[in-house]
Amino acid sequence: APPFFKLYLMIPNNQPARMIWGNLAAQQMQRIGIDVVSSLVPFTVIAPRRSRGEGKTHVDGGWDCYLERYYYNAIKPTPNTLYHSRLMPPGGENYYYVNDPEIDKALDVISNTLDESARQAAYRDFERRWYDIQPMTILFYPQDVIAVNPKLKGFDATTFNPVFFPQPEKWTIEGAGRNATAAFASWAQPATLIPMYSTGYTESNVFGPVYNRLYEYESWETKKLVPGLATDHSVSSDGKNWVITLRQGVKWHSGEEFTAADVKFTWDTILNAAYGSQLRAGVMQVLGGTESYRASGKYEISVTLPQPSMLFLDWLLGAMAIMPEHAYKDIRPEALRGHIASTWLGSYTVKTSDGKSFTARGGVGTGPWIPQGYDPSRKAYKYARNPNYWKPHTGNVTTYYLVNIQGTDSVLSALKAGEIDAHDPMYDIGPLANTIDPSWGKVQTFDSFKWQHICYNLKHPVFGTGVETPLGKQDPSRAAEAAAFIRKAISHAIPREQIVKEIAGGYGVPGTVPMPYTAPEYDHEMLKPIAYDLDLARQYMEKAGYKY
Amino acid sequence: MSAALLEVENLSKHYPVLRRGILLQRQTAAIRAVDDVSFRLQAGETLGLVGESGCGKTTTARAILNLVTPSSGAVRFEGRDILPVFRKGERSEVLGIRRGLQYVFQDPYLSLNPRWTIGETLREPLRIHWPEREAEWPTRIDALLRMVGLEPQHAWRYPHEFSGGQRQRVGIARALAVEPRLLILDEPVSSLDISVRAQILNLLAELQDGLGLAYLYISHDLSSVRFISTHVAVMYLGKLVEMAPVDALFAAAGHHYTRALLSAIPVPDPGAAQSRIHLQGEVPSALRRPTGCPFHPRCAAALPVCRSEEPALIDIGPGHRLACHNPA
Amino acid sequence: MGMLNYIARRLLFSLALLLGVSVILFALINAIGNPIEILLAERPGVTEEIIQSVSQYYGLDGSVTDRYFTWLGNLLRLDFGTSIIYNQPVGDMLWTFGLETLKIQIPGILLALALAVGASVLAATRQYSRIDFGVISGAMLGHSLPGFFFGIILILIFSYWLGWLPSYGAYSTRNLLWDSELADGLWHMVLPVGMLAFFNTATLTLLLRSSLVDVLRQDYITAARASGLPERRVVMGHALRNAVIPVLTYLGILFGLMLGTAPVTETVFTWPGLGALYIMAIQQLDYPLIMGETMIITVMLVGATLLTDIAYVAIDPRIRLG
Amino acid sequence: MEGSIALAAPPRPPGIWRQGWFRFRRNRGGMLGLVLVGLVVLVALTCFLVAPYDPNDQSAMLRGASRQGPSWAHLLGTDRNGYDVLSRVLYGAPTALAVGLGAMLIASILGTIIGGIAGYVGGMVDEVLMRCAEFFLVIPVFIVILAVVRLFGIMVVGTALERVPHLNLMTIIALLGLFGWPPIARMARAEFLRLKQADFVEAAICIGATRRDILLRHILPNALPSLIVLVALGIGGAILAETMVSFLGFGDPKAVSWGQLLYFNYESLKVAPWGSVAPGVAIFVTVLGFNLLADGLTDAFNPRLRQ
Amino acid sequence: MAPPLLSVEGLQVQFHTRDGIVRAVDGVDYSVGRGETLGIVGESGSGKTVSSLALLRLVPPPARIAAGRVMFEGEDLLAKPERELGAIRGRRIAMVFQNPATSLNPIYSIGSQLGEILRWHEKLDRAAAEARILSLLDLVGITDPATRLRQYPHELSGGMKQRIGIARALLCNPALLLADEPTTALDVTIQAQILDLLADLRQRLGMAMVLVTHDMGVVARMADRITVMYAGRVCETASAATLFSAPRHPYTRALLESMPRIDHRYTGPRQLLPTIAGRPPGLLNPPAGCRFAARCPEAMAECRTTLPVETVVAPGHSVSCIRHGSQGIAA
C-alpha cells in the first residue's frame, strides 16, 4: 500500500543514543503507513530551519519534525515560555507553533497567578489538554545516573539547569584528612564563564561554585528556595511590586563588599544589548526594562514588574548569579566574553574601593570557591576554598578541580583510577552501570528535569493543522482534530518502554507531557503511560481518514 | 660525386642547461652534444661512427631521425631535405621518409614492447604503412622472421622469451619491415654476448649484401667497426674529427685522438707488440668543452694554436677528412 | 646557495599553498552563511541584535573578501583571532594543544623508526629466513590493522581489563603516578604513543626492509664486505644509511598522515591535542579555530616535508637541491 | 587478424598478463590477498541473499534483545541499535567496496590523465601539474574531509542536492578520489616519462606511429601494472579513511558502513564487544586483502622492484 | 713445486630460487701462483663473478656454496670461521669490482671509506691512515689526492672511481687481487689507462691477480695463464700463449675465431665471421654431459651423456673435453 504521506524527520547527530531512538521512531512511523525520510544532521542545520523557517514544511525550507531534548529554565516548570501562541518565532521560543486556546489559557494562569492552588489547577489543565492532543510526542524522561567515589559523602546533584553545579563545599572525602582534594568531571568544555552568557550546565558546572544567587535551593531533594545573597523579600498583593533585602557583610573574593549596586549592575548588564547576553530576551520579558528596578538602599532592591511572573522568583532571583560591579564594570561590553573573567586563562588585577588590589585568576564572585585558573592541557579548572565565605563549608575539601573528560569510558576509567570523585550526568552511564564495581564507584540516580521528544511543526498541513488530511479535507472544521489523531497514532506507535529499557539502560520513565516527571506538578493519576499499540495507532490513523 | 643517400650538413644539437631560480628556470649553458657535424653516406655503404661515450654518436642518429629536434643543420635523404617534412609535412610524406630510414637500438631488451608478441611488434609497421594490404601481412611477417634467422612460430612469443641475440634480430626485422634503404644501427652488438655478437654481425653483413642496404653503424667497438664498415667517422665531444675509408683510417689515422683510440684496443694476441699512445686525463664533459681543438688538453702533439683555434675538417686524401692542426 | 634557493622556492610554494587552502576553506565556511548566526541560532532567546553585536565583535560584519583580508592581515601578525566557542585566543589554544599533539606524535614516529630499523635489519640480513617471513607478515598485518580500532582494543586490554595504564587524557588530575608530574605525563603517553608507534612501525618496517634488501644487494655492500669490514659495521654503517634515504620521504608523509588522522587518535584516547580540538571546532563551527587549525596543520606538514628534504641532503651527498 | 597466422601457430604461449598471473600465483601472500578480496566481493554481491536480517531491522530492540551476545538467532549478536551485527557487517561490504573502488576510480582517472600529461608533455606543463599534485599531497586530506563533510552538510540543506541519496557518502568518495590522485599521478608521470623515452617507443616513432598509437598502444599498457599496484593499495587506504570518518560520526548516517557500526558501538565495547569487534575485523580483513593483493601484484608485474 | 697461493677445488655455488636450484658454478678448479696473473674469461652468466665472490664467501643469498675447497696460503677459506675470514678479506685478498659507479658507497666521502678500512685492519690512527691513503691515491695515478679525499663518488669520473676502487683494494698490501671485469664499464681509452695501471702495480707490488673478463683482448694483454669458463664450468686452462696459439677446447677455439679483429682487413669480397650457433644452456636444469655439447660442432653422442672432467693435456694446459683428451664421467 502506498504511504499516506511523507514526512522528514531530522535527528541531531551529536549523540549516538538519540540517533538510535530516532531511527527506531522513524521505523515505527513507517509501520503505520507514514513515509519517513530521516536524516542525521547537526543541530546547526535544524536551528536555522526552525527559527527562520516561518513554519514552512521541510521541502519548502522549514521543517516537519525532529528529535530534541528539553528542559525548562526553572526548577518550577515554566511551560508558559515555550508553548504560548503569543511566543512564536522569531520573537519567542514557541518553535513548534503550539497554538491551542485551551493551552494558552492554562499557561496564562500558570504564569501570572499569585494563587498557588489556581496555578496547580492550571498545570493540570495544561497537562490534560496536552495529553489529549499531543502537540509533541514525549518519548521518555531519562533518569540521571552517575557514579561517584564511594568515599565521597555529602554529594548531592540534580540536572536542573542552570543552577545545578557541584557543591564541593558540602563534600567530605572519607579518610582524606582535613585538606582533601576533590575532582569532578564535566563532559563538555564550557564556552564562557560569565554567568549571563550561558544557560547550559556545561558552563554552570564551572562558574556555579564561584558565584551566588539571591535565592538558592536548600537541597536538590527538597527543591525549596532559601535565602542566598538576599535575606528576604516582600511582594505587593498584585504581585508586581517587590522589595528585596540583601545580606550584609558579604565580601567578594576581592575583598570588596557586596551591595545592591552589584545586583543592579548584573541586571543592567544582562539588559544592555551591547553585552549580547543570551538571557536578555527572557529577562526583558520579566522585568520589562531597566527602569523597573532600582537600588533603594545599600542592601535593598525595589522592583516593579510590568505584570506578575512566576519567573521572577524562580528564575531571576533563584537561578541568576550575581556579578561584581567593581570587577566587571570596566571591561568593555564586547570584550567581556574573551576576558580572563570568562576564560580563566591568566590573571588580572581588580581594584577595590579601599585602594587595595586583588589578583583574580578567573571570575570574581561571592561564592564558596575562588578560581585558581584553567590549565588548558589538563583541561582542568582549579578552585581554592573561599575562607571568607559567608556560610561555613561543611566538608573537608579545600582544593577542588573541575576537569573536562569526554567519553563515558574515559570518565569511568578516571573514577576507577581515583582521579575524580563524581561527574555530571551527561555521560549517560546507564548502559554501563553494571560494569561498575562498588569498590570504586557508587551508582547514584537522581531527579531529572529533562525529557526527550519528537516535536512537530504544528503548521504542517497534515499533522500540524490537519487541512491536508482526508478528514480535514472532507470537513475543514475537524482538520485540527484529524491532525491530533495522527500525532496520537504516532505516539502509540512508539515503544517507549523498550526505548527506556534498551537504550537508556533502564534509567528512565516513559513520557507523556512536557512536564518533569518528578515535579510536584506532574499529575501521576491523570498521566497514565501511553501504550505501545500499533493497532490502536492504526485506528487513530483511520480516524483521521486514512484507509489501510 | 653521385648524389648521396644520406647527407648530413652542419647538424647540431644543443641541450640547454637549466638552473632553477626561485620562481623561474634560466638557461646557464648549453651542452653541445652534436656540433656542426657533416657527412655523406652513399647507397650500399656502411659508415662507422666511433667515439668515446658521450661524444654525441647517439644524439647524431636521433637528430637525423628527428627523435630529437636538431638545433640547426640539414639532413638530406635521397636528395630531399627531411627535417622540414618531419616538422610540418603531411603524414603521408613523413611516412614516406620513415620508410626509407630506420633505426636499430642498442639494447634489445628495451627496444621491444614487452606487452606485445613479436608478431604484433612486426605487424605494427605493416599496419601503419600498408593498412590496405592486410591480407599480405602474415606472409610478410613470416618472411621477415626468416630473413633475420628466426622461425615463423616465433611470432607468437613475447620478447622476454627470447635471448638477447634473438631480440636484436627482431629489432632488425622490425626495421626491415618497411623496406628501408638506410639502417641506423646504434651499437647493435655492444650489449650482446661475445658468442652472439658474431651472429648478429654476420646477419647484418648478409642483409646488406642481399638487400643493398646502407648502414650508419655506431659503435665504440672498433673491431666490429672494422668488420662491418666501409668508411669510418670519428667523433670527439660532439665534433667529427676524422673521416676516412676504413682501411685508410686503420692504417694511417691522421688525428691523434684516432690513433690513441686505435692503440687502446687490446688485441687478442699475447704476442702483439703494442705501441700504445697514452692518453692523459679523462674525457672532458660536453658541458665544459675546452676552447680551440676540443682534444688539445689530452693531446701529446698539441701546439699553441690548438688551444685557441678550432681546426676545420678538411680533405687530406681520397675520402679522408681530418680536423687537426698538427696531423700525425 | 642551491640549498637556500631551494628553501626559498619551497617557502614560496608553501605560502601559495597556505593561501590556497585558506581561501578555499574560508569560502566554504562562508558559503554556509554567517557562522555566528548559525551558531547562536541554536541557543534559545537569541535575537537579531545579539547576533549583530556578536558578529561585530568577531569581525564578521563586513563582506566576505573584507573579512578574508582582515583575517589574513591578522594572521600575518600571528593573530589567529578569538575562538567563538571558547573565547580564547586561537593562537594560544593552538600552541597548547599543538604541544600535546606533538608530544605523542614525535615519540610515536621516533619509536617507530627505532623499532622499524631493528626489525628490518633483523629481517633483511636474514632474507628468506623464517625471521624475515615473520617480520614481513607481522608488518603486513600491522599495516592493515585500522589504527583506531587497535587503539580501542589496547584500551580494553591494558586499561580496562588489566588496569595498568590510563586510557584517556594527558594528565591525571590527582593521584599522580609517583607524585611526579613527569612520570604521570609519561604514563599517560604510553598507550597513544604505543598505538602510533605500532602502526607506523609496521609500515616503516615494510618500506625499510625492502629498501634494505635492495641496498644489501648493491655492489658497494659486497665491496665493503670484501674489504673485511665486520658485518655489523657493513649493515649499520653502510647499508642502513643508504636504505633510509628512500624511506625519508615517507617519514615526512607519515608525519603528515599522523597529524591528519590526529582527530581519530585523539578521540580514541581523549587526548587534549589538535585533533580533538579540530573535531570540536568542526562540530561547533568555530570558524577562527577551524581556519587557524587547518593553517597550523598545513604549516606543520609543509615544515615536515621541508625538513625531510633537508635531511635528504644531509644524508645523501648526491642530492643537490636547486 | 590474429587468426590469420594461425596456420603455423603453436599453442599460444602465455602473454604478459598470464605470466604475471603465474608469478602472482606463486606469491602466497598475494593469493591470500586475492582470496580475502574475493571473499569481500562475494559478500558484497550476495549479502542481500545470505544476510539473515535486513540491515535496518531493529526489531530485536522491540523484543528487548539489543546488545545480546551471539546466539543462533543472531550469530554475531545484536548491537546497540538492535541490529543484527552479522547482517550489518555483511551489508557493510558493498559500502566499503563502493568507497574503495569509487574513490580509486576517480583518483586513478585523474591521476593517470594528469600524470600522463605531465610526463608526456613535460616542461612548464609538467612543472605546473606536479606543483598541483604537491599541493594536494601536502593538504591534510582527512582534516579537509571532516571540514567539507560538515560544511557541505549544512550547505546542501534546502537545495535539490539534499534529496540525493547517499550524498554524504558520495561526498566522502569524491573527496577521497580528489585527494587520492597525486601518488597515482606521480607514478603515472614517472612511467610516462620513462616510457616516452623507452627505446621501443622511439622505435614506434621511427616506424611512423601516431601520437595516439604511442600513448594508447605503447605507453599506457606498459604503465598500467605499476598503476594497478598503487590503485590496489589506495583501495585499502580509502576504505580505512571512510571508516575513520564514520567512526568520528561524520559518515553517511544512511549507509551501512563498518565505521558507522564502530561509531555506535565502541562505547559499549565492554558490555557488548561483538558490536565493535566484528566490524573492526571486517575492516582489517578487507584492508589486509587489498594490501596483500597490491604486494602480490608488485611481485608479479614489477619484478624489477623485487628481482 | 711450491704450493700455489690460491687453489680452488671443485667449487660449487647454487642459487636456491623459487624455480629450483640454479647451479651457477658447478665444479670449478683453478689455481694462482704467487705473483701470477690468472685471467678468467667466459660469456655473461658463465659464473665468473659468482665463483670469485665465493672465494671470500661473499655470494649473496639465496646462493649457497655447495661444495669445494678454497686453499689460500695453506688454509681452506670455506671452512674458516667468519671472524678469521674478516682478517683475510681486504687484507690478504682484495677485490676490484666491475662497476666503479656502484662499488663505492655513494654517501661517504672517499677519505672516510678508505680510512675506515685502514683503521679497521691496521688499527692506524686518523693521520697515519690519511697519509697512507694519500700515498696510495698517488700510486694509482690520482692527481691532487688531498682534494679527492674530501669528495664523494658522484663527483668523480668513472675512470677516477675505478682508480679509487683499485686503491681501496691495495690499502693493506694484499697478496691476491681479485679484479672482476675492472674495465668493462669504462671507455676504451680509460680502459687502456686502467689496464696499464694494473699491469704496473702488479709488477711493483708483486701481487698475484685474478682478472675476470669477457674480453679476449684484455686477458691476452694481462694474463700469464687463462681459464675459460662456460656455463658454470671450466673448459680449459692454459698459459696465455698456448691458449691463443693452440686452444684445445672447441669452445675456446670458436670464441677466438668468432671475434672480429681490429688487426684484420675485412674489405674486399664480403667475409663472414665463424660463429657459435645457439645459446648457452640454462643453469636451472643444466644438460647432463658436456655443457657445450648442444652448440659444439664436434660433439659426439657421448658428449651429451658424459660429463668431461678436467684433464691435463700438456704441462700447464688442462682441458675438459672428451674429444680433446679429457676423460669423462657418465652422468
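We just call them A, B, C, D and E in the order they show up, numbering each chain from 1.
The rule is simple: contacts are C-beta pairs under 8 Å (C-beta built on N, C-alpha and C of every residue); 3 or more make two chains touch, one makes a residue touch a chain.
Quick caveat: nothing in here was measured; it's all calculated off a predicted structure.
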{"item": "Count of contact steps on the shortest path from chain A to chain E", "value": "2"}
{"item": "Each chain counted as touching chain B and chain C at once", "value": "D, E"}
{"item": "A-C or C-E - the one linked by more C-beta pairs in contact", "value": "A-C"}
{"item": "CA centroid of chain A to CA centroid of chain C, Å", "value": "39"}
{"item": "Computed distance of Cα centres, chain E from chain B, in Å", "value": "32"}
{"item": "Centre-to-centre distance between chain D and chain B (centres being mean Cα positions), rounded to whole Å", "value": "48"}
{"item": "Multi-partner residues of chain D (at least 2 other chains)", "value": "150, 154, 269-270"}
{"item": "Residues of chain E engaged with two or more neighbouring chains", "value": "none"}
{"item": "Of all residues in chain C, the ones touching two or more other chains", "value": "38, 160, 217, 283, 285"}
{"item": "Contacting residues of chain E [partner chain C, same complex]", "value": "53, 56, 58, 60-62, 82, 86-91, 94-95, 97-99, 102-109, 116-117, 120-121, 152, 154, 165, 168, 171"}
{"item": "Footprint of chain A on chain C - complex, ascending", "value": "33, 37-39, 41-50, 53-54, 56-57, 82, 85-89, 92-93, 96-97, 99-100, 155, 159-160, 163, 166-175, 270, 272, 276, 280, 283, 285"}
{"item": "Complex contact set, residues of chain E against chain B", "value": "43-44, 157, 159-160, 187-193, 195-196, 214-221, 240-241, 244, 254-256, 258-267, 270, 272-277, 279-280"}
{"item": "Of chain D, residues touching chain B in the complex", "value": "1-2, 4-5, 7-10, 12-13, 15-16, 19, 198-200, 202-210, 213, 218, 221-222"}
{"item": "Chain A contact footprint on chain D (complex, rising order)", "value": "56, 58, 61-62, 64, 66-67, 80-82, 150, 153-154, 157-158, 249, 253-254, 263-264, 267-271"}
